[in-house]
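Presented sequentially are two complexes of subunit A, the first with subunit B as partner and the second with subunit C.
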Partner chain A sequence: MNYSGTHSGFTQQANMRLRNSSMDDSDGSQLFENTSGAEVGPQAGYRNQQGGPPPAGSSGHSLLTDPMSNLAMAYGSSLATQGREMMDKNLDRFIPISKLKYYFAVDTLYVGKKLGLLVFPYMHKNWEVSYQQDTPVAPRFDVNAPDLYIPSMGFITYLLVAGLALGTQNRFSPELLGVHASSALVWLVMEVLVVLLSLYLVTVNTDLTTIDLLAFSGYKYVGMIVGVVAGLLFGRTAYYLSLLWCCAAIFVFMIRSLRLKLLSEAAAEGRLVRGARNQLRMYLTMAIAAAQPIFMYWLTYHLVR
Partner chain B sequence: MALTLYALIQTAVLCTNALAVLHEERFLSKLGWGVEQGVGGFGDDPGVKAQILNLIRSVRTVMRGYIIPYLCCVLLISLS
Partner chain C sequence: LVVIHINIVRPFAGLSDVSISEDVPVEGDISVPVAASVTEDGFSTLDEPVKETVLRDLRAVGSKFVHVLYPRRSSALLRDWDLWGPLLLCVTLALLLQGGEADSEDRGGPQFAEVFVIIWFGSIIITLNSKLLGGTISFFQSLCVLGYCILPLTVAMAVCRLVLLGGSSTVSFAVRLVVVSASFGWSTFASTAFLADSQPPNRKALVVYPVFLFYFVIGWMILTFAPSQ
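Showing the complex of A and B:
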């Protein structure tokens, strides 16, 4: 069957047939096939204005009677709704969409404060995440809560800035953007997996979820972007200086944020607690924090020549 | 630096394969990492070594349980 014309054309034709079915039932099909306008005046004029969906399509439509086409459309739309509901329900099992929404509940003030904190964390005093009846408060209300908005935006901006940097050195080609994207993504995934593995091995009882770790690993893109942009604007010295500053800032930021989540409470308050387990946890925190500057340098040094 | 996502998947499958075919008697017991040393530390501090041994043993059990999909994956990955 030749369904030429748009979907709206199809429904228009169906409505037309509905409206006129009471009148011209016997020669309805003849009206469609014969577009000369020699039939009953007003309807023919009406039909000729409908000439947009061409007659070749309507001869195919004449096979369907009016109630049948409506029934088919209604059935099709109900099938589509059912399919979408089923897909939503199944997708929620693999990717927790409702939990993801929490990480994107940000506003401009939070983003501004968090960016400032990522570049200058030395004045901030209170690093605790505030809770509200056992669930963490949305990032909009608490600067210390991790979010996924800044990491995802930072990732995309990093790719764009990398393309820009390569373009200024005449080394750009569109495939390189894809190569950079998959490289950075792979390093991110590997870092999160390694951190997860080490957290499992050290048996830390923490409420850090995988998405939290993803958020913390994504915060380094901000420093990388600052470094590369400074390098583009002011040359290599500026790149090294700003990268050094951002590396130190990210190091302090990670240590202060993760200390509260990974270490036991006594050690987190700053008192020196002896014991093999606490020492191991301290080393783990420092290793995670030290990995960030390494990645920041590794992913950007080839962009600034 | 051109590390693709596919390379990551390849690495993961091959590493899991290495863990799965690791023979306990021949290698781990010689190193003092056999299965009897792993379950020793009960209490709230299993220790890193016990966790690693647990991990290796569980990977081996799971992989040997799902042998057919596992073999298909390993074959596909190693052939490309």
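Showing the complex of A and C:
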């Protein structure tokens, strides 16, 4: 890093200082990959180092030669760094950014395979999520791991496709987009809450986190988009046919994915296990899987007339 | 484990490339050269006339426009990011989209605020997605790139309005379709030239897809604009 910098104006130096800390993202992180939360720590330390020397070095050319202002500037910039660190730490408490990064550690190949799985899950044999010393492997390396990229992109694409569908029927206005967005979001949140509640009531010992459930619930948007696009292009029969296909596919997908997570090991392997608890768990899995086609139809039927 | 090289004034030059882990407290002396007279070289911009300040910012914005129009692999847009250009483009586009005819009961075209919200929220979502995917670009740099690449679409909007002055027929629709599609492709290509560089190659398509959606929405708004008679 060039601490002496180019002295072409006070404002540009201030910008250099800001951009020095933002340039870390483009220069410093070439050293390590950003797919886990580990980069928060070292980068914060790196930025702290950056915050110290530049103000002291460049302030010699500030317009006030008063040493007190140098001190004030150094203090101010260190305050800013501290403030940002504190904000990062507090934000991390509410929205677990590091955990979120795990769900976005995907690549194009994974997305392609997963989309194929969502539409045609019948040939896939092995549905287990592979682990690596107690932590699940990143979605990039295991096609069975849930991710959040497909659900979020699916949600946004669904909104846009809904806007398009309404537009072709001359029923579109931009605020309808907002109405659709909020109602779909509310349905999603309610579904996740209901599933969480029923998991709690049935006292299932599972390692499914809330974000996992969010991811699984978000996979149905892919089927919805396929149905609506087919309906727009080819008419109502195409919409019903493709929706039927996607509903069946997502039903099978959910059952096979959740079976391994919710049922006990013996039942998951297919052996017949008696007992009220296992029955309850099986019903729960089937209920969750059956809710998906219902939502898919509910959220799309008014778009294709 | 992060290795940090710290250059602090020390009496032993041979220690200048010592690797220090970050939890070792580092001490040293920093000598600050306090110059006696300072303001001659124009280091302070508080004293210059306002016209110069405005012109300098305008020139910076203009140079970035040129970079967008001829997208090469240059890092000028990323290094000196600013948000004036996107704001200017956003306001221009929103103004040009005013005065549309009422499509449903009481609605005109997109309101001014709606265009703003769509553009800025769309950019924020794309930036978040890019950062979560592990991009090396910072938040505001990404906002800057996405905002500047709206330029071709704004130009297309102006062209569309001119075409619509001659009446709205199928020919004018075809012309508008071609113009908007071309500028949409240009915008997407320009922004991916900057954004995709910050991702490893097996994730470029994942970052390009939301950008494609974003400019598609803006292009759709431009294409469906019909002036009120």
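Here, the second predicted complex is superposed on the first by the 230 of 305 C-alpha atoms of A that agree within 3 Å, B and C clash if a C-alpha of one lies under 4 Å from a C-alpha of the other, contacts with A are read in each partner's own complex, and residues count from 1 in each chain.
Criterion: a contact is a pair of C-beta atoms (placed from the backbone, for glycine too) under 8 Å apart; a residue touches a chain by one contact, two chains touch by 3 or more.
A quick note: this is a predicted structure, and the numbers were derived from the prediction, not measured.
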Subunit B versus subunit C as contact partner of A:L201, first or second or both or neither: first
Contacts of A:R305 with subunit B and subunit C, given as first, second, both or neither: neither
Partner chain in contact with A:R84 - subunit B first, subunit C second, else both or neither: neither
Partner chain(s) touched by A:S183 [first = subunit B, second = subunit C, both, neither]: first
Superposition-derived comparison: subunit B or subunit C, residues of subunit A touched: C
Subunit B and subunit C contact sites that coincide on subunit A, given as residue numbers: none
Complex contacts: residues of subunit A adjacent to subunit B: 179, 182-183, 185-187, 189-190, 200-203, 277, 280, 302
Contacting residues of subunit A [partner subunit C, same complex]: 7-11, 15, 19, 22-23, 25-26, 29-35, 42, 45-46, 49, 53, 56-57, 59-63, 65, 67, 70, 100-101, 104-109, 111, 149, 152-153, 156-157, 160, 163-164, 167, 170-175
Partner subunit A, residues of subunit C touching it in the complex: 2, 4, 6, 22, 30, 32-36, 38-39, 41-46, 78-81, 103-104, 107, 110-111, 114, 118, 125, 129, 132-138, 140-141, 198, 200, 202-206, 209-210, 213, 216-217, 220, 224
Of subunit B, residues touching subunit A in the complex: 1-5, 7-8, 45-46, 48, 51-52, 55
